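Below are two complexes that have chain A in common, paired first with chain B and then with chain C.
Moving on, here comes the complex of A and B:
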């Protein structure tokens, strides 16, 4: 029985380390934010409540290249559903969607320059000057 | 409509070719432009009555096909002064009380957000009287061709000129929201055959509490509307003619059609109580809403709906049940009361991430014909009607 359990544990560990396709929610390494919960990330990226643990107004940034994967991992929705969700909030003047940035270099630049910015990168490619606050499995 | 059609088609082409989000018009991203629209086609099988989307529409969709009822176009310009201050102006062109597609300003407000949990808006605001009410013309935002007519069609106002304040407070991983608003407004509503009214609203005020937990969003809301109504049409004209004849013999007879109708309907003071629940998790979307509007004359309008949709790849089939019933304890009696229920099925197909195509069949059981229908045959007592609709919704 113990052997079976150890085997399962080992396989699980192996699988989780080799699965490099996860999405990492990142902030500036000096922002003072240690981690966020999934519901914090939903609140911020879906415009429900944009307050960071530091008390500041969160500035979420969508990265065009990873956007579809990110929202699939965060709320299990595709881009048409995300656009439909935002259509209601934008055209009732309630909230604005995250700023969208096309190039990952520009996302990197914005996050490293702004203490309140947060975005997402492929978890296998997290730059040193970004801090991972949440990892979303895919 | 002939002019709107090519414009809409052009915009659909534009929408399909660009990213679906507010486009910055300036390098610093402060000025943004975005819009929404619907091209809608309705087929009504009833020759006894014409179908409308809401009580602001003077003419309905008669037997056969019509593009008037649901087609619309809206555009929004936003400008951000600072992170705390911004302004939004939004206009819409749809078939409404003036009997044409004349555009009107539906939103124009200044917003102040001193904190992520506080928002204050001043100016012209959408009437957020119940869930989805302030986005009921944004077809791309919901699965249906139009929000359930039984529930949303009886709404008297589209916007208020005033202010609102919203407070948000996290409760663990849940979110509690309180919104309060007050203002004034006006509208023009079509109540029945030969009877319409100018709705001059001195005061409209209310609020709601939302509670968001996981995939659920609940709402409890209350609103009061204080207004002066000015009735017009054949009904008040004939009443006044009869009153004038009485006055010829009795100069002290002081009834007027406006006064009599105003007392009978009691629309000068409305109280709206509403409940709503939305469940949205992955592919599954459930909604249920209920509203009771009480009139000054002791009458009431009760309405509600339940809706379920499930997304499978790009297609979202859905089912809706809705109903509306008016009860009057005033002098109008039950003759003027209105009662119907609607069973709807349809599907939304997402063509691209900003264009959706929809088809919907409504089976309407009109138990007592009334104010959501136009050009009603005088000898018609109701029955079953079938409304088939096609909609092309887009955002740009």
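Moving on, here comes the complex of A and C:
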């Protein structure tokens, strides 16, 4: 019964994942950041701002599984464009791309452990220990 | 310079070319200015567009550089832009006013209006992240414009020279050559022989052909009128010679008068008639015609010529006193034209004298040399006219008749009778004044007309003297003495009668009264006698 319930739940989640639209930008629940604008998110993830509104050094984290959807939702660009963007900046060294993390668990761990970490999850699967600062509609 | 002006003045082709070149040059300058202006505009536009293209090329990189505030990247972009020779200076300024990158090419020249491009954030197109200001290189643009202008100018100049050459060639070939040829041929043409001008080949049907046709027509006209003129001149010369011969050699005087009555010309005969020196120049010293006449009779006819009166021929006979001898000249004046008269003068003295003599003879009694009946009638008519004009003046009419004249004839013969008649006539002619008139009417009857005798008392002394002189007997052949008695009757015209014929009658009656009174005496007409 439980297994059935879990399966159903999982299926529902999966379905909701595939069908769900939104991506939530999340931070450590204790980061002190209540809310970010879309601009703030762009500036931080695209390397323009190095600091959070709290004044701490920002640590943006790319979640590989959601990366394509996230950038499509945030700046309406595909990954090739984003990669090309960062490629240009390799030589100047002025800015560096967000840290790349493959599994969502690692992302979850990093965000919950680091006060300055900043990443994104599917808005339907936001863990309780993360704080949503911005929801990006797809 | 003056040589060039002279050339322009004398060469049609040059003048035409100069004018066309001038016009083309002016138009060319206008077009050139317009073309340069338009070209400059278009070059300016082109360069602006090029700069825009350059900006578009580097925009993405610039977006990133600006977005990140990356000085290196921005500088890379600025240097890239500056590497184009149309860019003079580049400045990339962030939104907050800080300059991310700038650069200036080491080029001379003033700056043109800058091209400004706002660069949006690569991720948020509505958000501007920086502004790129590009200053175009005006010197380079000017150079491009100058190049284009030089090309256009050169092309125009080439075209101008080409047009000039073409115009010169065309004008020389199609206008100047034919005209010059025509002019040469015209100058060598012997027009008076009727030679015609030939049109140049290829110009027969155009305007030059027309000109040739017109010239030929004019030559025809000229030749024709020249011939006519020559013929008329010859004719006139003959006429002139003929007239001159007549004018010079004719016996009649021929002369011309102008409107003021001055003699304009006169032939030798006229000069002879009026004693004018032959060499006198009438053109320089005009002689008034009246002055020639006035030294004659004193009353010269007036020669004031008015056009109306001088339309017809007029004739006079005038008397000239020529050294005491009177001469008669007949003048005929006929108008030649307005203000000119031609006159012919004849010496009619001989004819006049002959006529006068004949008339004299017709009115003269051959025996006594006194008037005859005809002369008396004539004189009486004159007196009658005179009396009608001046009735207050009286005249005496005396009739004389010999007493017993038949007896003298019978006694001494007709010759002595004739002598007696002559004797009495001589006494009468001697007694009366010049203006009185004595006539023998026929036989032994005499008549005396005393002019201006206002009363009988004036007559009586004459009669007394007459009878006194008659009392002396007439001696014939030395020995024979003939006594003559005369009866005299007197009538006064104006006192006794106003009619001359009646006065003659009255004097006749008075004469018979004298005969009745015993002869050799006189009687005045008495009306009572008549009754």
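Convention: the second predicted complex is superposed on the first by the 118 of 138 C-alpha atoms of A that agree within 3 Å, B and C clash if a C-alpha of one lies under 4 Å from a C-alpha of the other, contacts with A are read in each partner's own complex, and residues count from 1 in each chain.
The rule we apply is simple: a contact is a pair of C-beta atoms (placed from the backbone, for glycine too) under 8 Å apart; a residue touches a chain by one contact, two chains touch by 3 or more.
In this text, all values refer to a predicted model and were calculated from it rather than measured experimentally.
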item	value
When chain B and chain C are modelled together on chain A, clash or fit	clash
First (chain B), second (chain C), both or neither touched by A:47	second
Which superposed partner A:39 touches (first chain B, second chain C, both, neither)	both
Partner chain(s) touched by A:132 [first = chain B, second = chain C, both, neither]	neither
Comparison of chain B and chain C by chain A residues contacted	B
Contacts of A:87 with chain B and chain C, given as first, second, both or neither	first
Touching partner for A:77 - first (chain B), second (chain C), both, neither	both
Segment of chain B that clashes with chain C, given the candidates 291-299, 309-317, 345-353 or 381-389	291-299
Residues of chain A that lie at the interface with chain B and also at the interface with chain C	39, 48, 75, 77, 85, 88, 91-92
Partner chain C, residues of chain A touching it in the complex	39, 42, 46-48, 74-75, 77, 85, 88-89, 91-92, 94-95
For the chain B and chain A complex, residues of the former touching the latter	19-22, 29, 34, 36, 74, 76, 78, 83, 88, 90, 107, 109, 111, 113, 115-117, 121, 125-126, 128, 132, 134-135, 138, 140-142, 168, 170, 173, 175, 212, 281-283, 311, 314, 350, 352-354, 356, 395
Interfacial residue positions of chain C with respect to chain A in the complex	61, 64, 67-73, 121-124, 127
Residues of chain A that touch chain B when the two form their complex	37, 39, 43, 48-51, 57-58, 75-81, 83-88, 90-93, 96-97, 99-100
